[in-house]
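Some structures are shown below for you to check.
Both complexes below contain subunit A, partnered by subunit B and then by subunit C.
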Partner chain A sequence: MKVLSLNFLSCAVKGCKSSSDSYPLHPKDAELVQDDIEVNAQLLINLLPRIDWTALTTTATELGFPALPPQAPTPEELEADEAKLKDLHHLLMETQIMEGKLVCASCGHEYAVREGIANFLLPSHLV
Partner chain B sequence: MLPTPDTSHVEFERIYEPAEDSFLLLDTLSSAAEAAFLRDRFGSRSDAAGPAPVPPPFVVEIGPGSGVVIGFINAHASVIFGSRDVLTAAVDVNSHACRATRETARKAAADNAASHGMYLDALQGDLVAPLRPGSVDVLVFNPPYVPTEELPRQPAADHEGGGDKQPTFDHDSYLLSLSYAGGRDGMETTDRLIDALPETLSPRGCAYVLLCAQNRPEEVKERIRGFGRQWRAETVGSSGKKAGWEKLQIIRIWRE
Partner chain C sequence: MEYLIRFSQSHETFRLPETKAIAEVGGIDMKVIYYNPESPYCVVRLPSEEAAHFLMSRSILAQSIHEHWGTGENYEVLHEEVKRKTSHLWPKYKNSSFKFSLDLYQGTRPNKRRVELINSFSYMPFEGEINLRTADEHFVIFEQWDFQAVTRNLPDPLKIHLGRVVGASQRKLIHTFDLKKRDYISTTSMDSELALVTANIALAGPGKLFYDPFVGTGSFPIACAHFGALAWGSDIDGRSIRGDGAKKSLKGNFQQYGLSHLMGEVFVSDLTNSPFRKKRILDGIVCDPPYGVREGLKVLGVRDVEKYDYVIEKGKVMYKDEDFVPPKKPYSFVVMLDDILQFATDRLVDNGRLSFWMPTANDADQEIGVPTHPCLEVVVVCVQVFDKWSRRLITYRRRPDSEVDAAALERWQQRTETNGGVTADELNPFRRHYFNAFRTQAAVDGATLEAVPN
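After this line comes the complex of A and B, so read on.
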């Protein structure tokens, strides 16, 4: 699963949805692979305002990427800086979590990722 | 008519095979009227200072099965939305469907190199449970809509959903039943999805939901309008007209 997807996901437990700790989920024992995907600069630039940058910063650090700046780059900055654009593309679009877990900091539930697919089905007692 | 994604790799003994309902969704989403609605809502806008960037819509199909619908939306993003800047994803209870969807989306994107959007992931889960509240801009749902005496038991972690289980005929039949059996009025699962829409959709979000005549579509639309003054629900596609009845229809749900 792509790192960008984590920006759109939270814990599946109903009681966790309103807790700020249920987002983002925290990768654990993640095995990463890198895809080769063409850069779409316009998509990345337009995407910036809808990325939760704080959550992305947390995810990137937990996956072992160099720390992101505390503030998201502006569209102008990104447009002018090809290296920054490529780094962001690499992190969001090309990096895939193939195996591992996603952990909710609110309830502690661990969601397995296998063959790149995260399983959000809950055990019966949590449904 | 835009080309339909190739699903020749899909194991139809345990995944719903594209049928009339799937094709009605494709026709409706690529119709001139819906493309106009979606472009107006999610397309880039120009003002005196030039084109203003609009964040790309996040499009999620619930229960993609073979992936033919989300694969189609992603492959033809620039035709439907007027831009390739579209993010797509899917959630299915059946892990086989998640894998099939990934492959369908990959192939369809490769076949439409100049028009496809950015396909992200298929997640295994129950309806919208994995999604961050308020994140979905376009939700598409072809539900299990056939009225049945009972709703199949709902899948839970470590069993039922596919996973690493050895395929058996019974388990395959169970997985297929999840894709069509809708319980009372064929609406038990659809009702749960509709109840979750206010929390799931972004402020600019909309949803396309397929219904059959036995689902009592007029009542469903009235119920959604009852969510509040801004809520709208209208039929935007139909097929199988029979004695004045639409056998299948697509309703679009949105807020003004």
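After this line comes the complex of A and C, so read on.
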């Protein structure tokens, strides 16, 4: 699972959707791998306004990345700064959680990630 | 300038929508001058030859595009139009090598007559060499004959066009992505041609985010990724995503086509209990939802909460086990359609598209209407007809909120709430009645890769 994806997903439990604690999910015992993917500037620039920067900052810190700047770069800044673009690409697109868990801080439910694939199926008491 | 598109004579109702969608992706102002579903020839006005090339760079249902030099009911009229409209262009090709050929739709001509027809254009002052293999310019005479012209022994075609070849389409992609050559498929994998066409109609393109919530073996995300989108997918069935964990898997398919860099997230989830944030971040959603002909439609949960109390209790304790399988219950197809529309409404950016497939029996009284949502405008409905049933590709556009009728939205919300809405657990009679018509057909086709409602 990519770090980008953690920014777009929350707890699957319906009762949790309205709770701010259900997002972002918190990685636990995460084993990371780094993929090698060519930088796709157009994609990153388009995605930037859709990213919740506060949540991304939390995720990055929890995964042991150096602290992100408090403000998201603007698309123009990103376009003009190759190093920034590369760093963001590395974090969002190349960093994958291969094994581990994602924990909801609202209901405590743990979602398993195995071989890079997260499982959001819920047991019956949560649907 | 006018251009003549030579379509393939198949999937007729998809052809113009695909072309229009490509024009929209390219920001091209295209005007349709002539189109008839019964003919493979279509004339459009385009701002430039570059625009014509762009259309071909993505088109699956066109074969080629041509600068339109004239049209006539007979050769006399055609020659007159060609002279009137294109004589200013002739000097441009004076020294080019060139060739002429004939494209006869539903007709035949003996060789001798072919040569005569080609020679009838000799008033054009072309002095370059005639080169049948690598000519600089290729002119095509298109004859459109009436249905069964050969057996009916008809003397003349209905219409004749002349065009100068500009470029060929991407029909070869049908073979590149052919299911027969794909490492990992299932009985419900969408064929490569229609998966690519769907991605086109939904406006998949570079820099965009696309998602298939019923991803199966990934036919749609792969088509979207081919056109440059970052493609996401999920499925309630984890096995369909994982496959054998190696080559025969969703990931393996992306690798096979060199598209791994555009594989977004794939995860296991039920559309009715989705972890996807309610945020308008998707450019497109494309899918072929389950309709429960082979197996009943299922979502997470237990049907009878009291009776299966012990199952629920077991889940609380066991869910972290690696091989825990969460219980599923039957679900209504009609409610699932509402769920898909609401899901899309909550996730698509303004003008983002939802394109999904839906089977229909060919019987009019079993017809179920196009599902609607006040926030989604129906862009186009395309139909693929089989013997006993059809399926439709329905495409919507997410209206910007400023275009949404507030009263209609309120009524929609009330209706979906009162019938149980997104959490309803009604098993409706619809599925029984609706699918009986082609259930036998499905059983016959069941073992093959042919499309059957799933």
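Following the convention adopted for this analysis, the second predicted complex is superposed on the first by the 127 of 127 C-alpha atoms of A that agree within 3 Å, B and C clash if a C-alpha of one lies under 4 Å from a C-alpha of the other, contacts with A are read in each partner's own complex, and residues count from 1 in each chain.
As a working rule, contacts are C-beta pairs under 8 Å (C-beta built on N, C-alpha and C of every residue); 3 or more make two chains touch, one makes a residue touch a chain.
Just so it is clear, the model here is predicted, and its values are computed rather than measured.
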>> Contact-wise, after the overlay, does A:8 reach subunit B, subunit C, both or neither (first, second, both, neither)?
In response: both
>> Looking at A:119, would you say it contacts subunit B, subunit C, both, or neither? Reply first, second, both or neither.
In response: both
>> Contact-wise, after the overlay, does A:110 reach subunit B, subunit C, both or neither (first, second, both, neither)?
In response: second
> Which partner does A:75 reach: the first (subunit B), the second (subunit C), both, or neither?
Replying inline: first
>> Quick check on my understanding: which residues of subunit A belong to both its subunit B contact set and its subunit C contact set?
In response: 1-2, 4-5, 8-10, 12, 17, 23, 40, 42-43, 45-47, 50, 115, 117-124, 127
> How about subunit A: which of its residues touch subunit C in the complex?
Replying inline: 1-2, 4-5, 8-14, 17, 23, 37-38, 40, 42-43, 45-47, 50, 52, 110-112, 114-115, 117-125, 127
>> Applying the document's contact rule, which stretches of subunit A touch subunit B when the two form their complex?
In response: 1-2, 4-5, 7-10, 12, 17, 23, 40, 42-43, 45-47, 49-50, 75, 93, 115-124, 127
>> Per the contact definition, I'd like the list of subunit B residues that touch subunit A in the complex.
In response: 44, 53-56, 58, 84-85, 87, 89, 91, 93, 95, 98-99, 102, 118, 120-126, 129-133, 135, 154-158, 160-161, 163, 199
>> Taking the touch rule as given, give the residues of subunit C at its contact with subunit A in the complex, in rising order.
In response: 206-209, 230, 232, 234, 236, 238, 241-242, 245, 260-261, 264-270, 273-279, 281, 300-302, 308, 311-313, 315-316, 318-320, 322, 324, 326-327, 423
